[in-house]
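Lettered A, B and C in written order, each chain numbered from 1.
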């Protein structure tokens, strides 16, 4: 027996109003399979032509796009040179030689002690932190966008709380379009599953809320420095 | 916020004479329009992506019930909670209850138009919570007690000196000698003040630009990073989103995101695009313990399948506002509620009623630029016309207008009578303007002649001259 | 060439849709249109049974009145090869909105559709259909061209008027900023919201003045009445004319809102 409106939950009322508006029933098999198929196969739309190409071209595009959005870049050949590159960056800008990193398998294994007086802390960011370092699992060249995933290895707060954010990415993790990036993450986390946060970051924090004047460092980092390894 | 759309005419008149507002609005005209044009021309696939995004939305709306169910199941699978709210009151009630359960005292908020629509700040403040907007623009209007004047630039109506004065008034420990004469220093001041709020907050509320059914994910797009601090630092993250924000898959979200920032700010991609799925996981060192999504209907399901169905494709980029001559002339506050410009002129009557917001769909010159720049090709003028038809059907057209139109239509359907009548009318008008070429004041068209002359007719009507064989 | 309307043996029969505002305020635009169409080789007639396209009713929500007026227009014009109007706004109404008005009317829908396909705005008709690439006219001075909204966005009229203006001897085209921005006329909008309409016009006249042209030209008399009225109130010396008058070389009449010297 049909229940009256008053007995229905907001969920039932909303779904029923949607079906009434669309003139459909919830049990229509063709509609159900159309939606299920799309969720299962997640077909790709048009990917901009510039997102297709060889790794060298993609890496150049990735860097150009990031620089166009006021990030700085450094290219180094070997992972073990990351600490020195970090120390150099901080020294050049006269920033405190203190950084915080997570438990990332690549970052935490690096010879940080070799990089002079660099002070290393680990764990999530605290308000007093000046520089956070995280590793991007993948980067999409089409807009110079880093894909940073949350977890004990790279706590999300490190991307946002300190004034300076240094992101490290392997050159081999630079892909063309967002589709390539998500497919990488699907391999890591499984279909239909994501970590708590995936942060797509394409530059340092900014705002144009005052008279459309662009000012960097609104709430997040004033500086984004990307170190590409490989 | 109580709608004041019925006062549109008065609001607009005030706005037109507000020099400070007019100088702020000139920034909209010069900024957004040129930036969007550049971004569009830099991506050859832009128009193709717009078409695909529209197809995605059409498909999604046609299967909305199913995707909402799939989305809900995924949120729950990832440890989150989904709450359904039929209207603003239900949504506010749900959010206040969550805050109470968390013994919360302070709440931070990222920018959310749904938050404005349901007036969540007022509700939470009445319930005894402290609420802090964290988007700079939203913060600026919060301390002024104002509504947003633009859907992506809430404080676009303000100028730098006004902001300096507001900070000096509300940031009571601000030393008088602190230099706040430039945007950079003002941003630094806001950053310092809000930093404390982020850290102290118990609950963080964000909106959602998209909800993804495939993964149970909410997506926000920001440039400041405030949305991330808002949702990562407190114990509880609440997402408020309306039901049409749904996108089936990550790929579908890609397509929409590729046109969103380009249409809005002219960026290729916003600085931060944040995908949030459930609360923090086992072993995570940061992130919220609780994740709640409040799904708001508030009149949208009733729009499905009707004359205003296409409005549900809107991705809130603001391009229609930026390109609208009326919006550019009067600003967003004249529209009297939370959604201004062409999208507001269509949506507001759907949400607050045509009796309150009937002016909005009428206050358009139908120049069509909104539809031309809309990445989702929403036929905004056509839908404004539908509202005008509804007003007529409901007998809401003012009597004077109705009488004038009826008299004119009576003649327009009877050519012989029409030509006779216009012949006399034109003779009279051309007499009035004969010596000066233009008429400076005319009782029946006093609105027109208040700020323009009326060019006088050349003499006799064309039909008179043609029939008389004056010229061939 | 057999079968083409443009061939010299069978001149195209064109019904001129004068538009109500030209009929009332500026007959010279219709005479200019007649001249241009005849020079292009058309056989032009002016059906007596025309008044207005019905757009004021349509845009004010009076759908029934709009439909009744539209039915009269269709009856008066459907036997011509082409229906041409010296206005993008009225032409768009006839071409795009009539089919919409009768979409649910099984009897009239096919007639409205067949009619709509014959409708063209004057300048785009000359260029796109009659394949004219120049006119025999001269104009001493510079003009700036305002892209009227309906023509631009509903009928893709952008290059055609500029191409023909470029062929006018002595004429220099000076583009203004924001040529594609609305003038604020909008039919009944100009009267219902006069303050906003006037403010939009003011911004437009500023752009036109900055272009430094002698004459402001557009393809829609509604916009021209609005801009001429604004310029006149501002005391500007810029003259205002319909593009058809300039293309037909018929600029001996005083400009819109001006008097004979």
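Following the convention adopted for this analysis, a residue touches a chain if its C-beta (ideal position, glycine included) is under 8 Å from a C-beta of that chain, and two chains touch if they have at least 3 such contacts.
Since we're looking at a predicted model, the values are computed, not measured.
Novice: Give the chain pair, either A-B or B-C, that is connected by more C-beta contacts.
Specialist: A-B
Novice: Going by C-alpha centres, which chain would you call the most central?
Specialist: Chain nearest the centroid of all protein C-alpha atoms: B.
Novice: Roughly how many whole angstrom separate the Cα centroids of chain A and chain C?
Specialist: 53
Novice: Per the centroid of Cα atoms for each chain, what is the distance between chain B and chain C, given in Å?
Specialist: 33
Novice: Round to the nearest whole Å and give the separation of the Cα centres of chain A and chain B.
Specialist: Taking the mean C-alpha position of each chain, the two centres sit 28 Å apart.
Novice: Would you mind writing out the residues of chain B in touch with chain C in their complex?
Specialist: Going by the criterion above, the answer is residues 9, 12-13, 16, 325-326, 328-330, 362-369, 371-372, 385, 387-393, 397, 401, 405-406, 408-409, 411-413, 415, 418-419, 422, 425-426, 434-438, 440, 445, 447-448, 450-463, 465-467, 471.
Novice: For chain C, which residues count as touching chain B in their complex?
Specialist: Residues 18, 20, 22-28, 30-31, 46, 48-52, 54, 56-63, 65, 68-69, 72, 149-150, 153-154, 180-182, 184-187, 189-203, 225-226, 228-230, 232-233, 253-254, 256-259 of chain C touch chain B in their complex.
Novice: Could you list, by residue number, the parts of chain B that touch chain A in their complex?
Specialist: Touching chain A: residues 24, 27-28, 31-32, 43-45, 48-49, 52-53, 56, 59, 61-70, 74, 78, 83-86, 90, 134-137, 140, 153-156, 158-160, 163, 183-184, 186-188, 190-191, 194-195, 198-199, 213-215, 217, 223-226, 228-229, 232-233, 243, 248-252, 254-255, 257-258, 265, 267-281, 283-287, 295, 297, 301-306, 309 of chain B.
Novice: Please output the residues of chain A touching chain B within their complex, sorted ascending.
Specialist: So the residues of chain A touching chain B come out as 9-11, 13-15, 17-24, 26, 31-32, 34-35, 38-39, 42-46, 48-49, 65, 69, 102, 123-125, 127, 142-143, 145, 150-152, 155-157, 159-161, 177-179, 182, 192-213, 215, 217-221.
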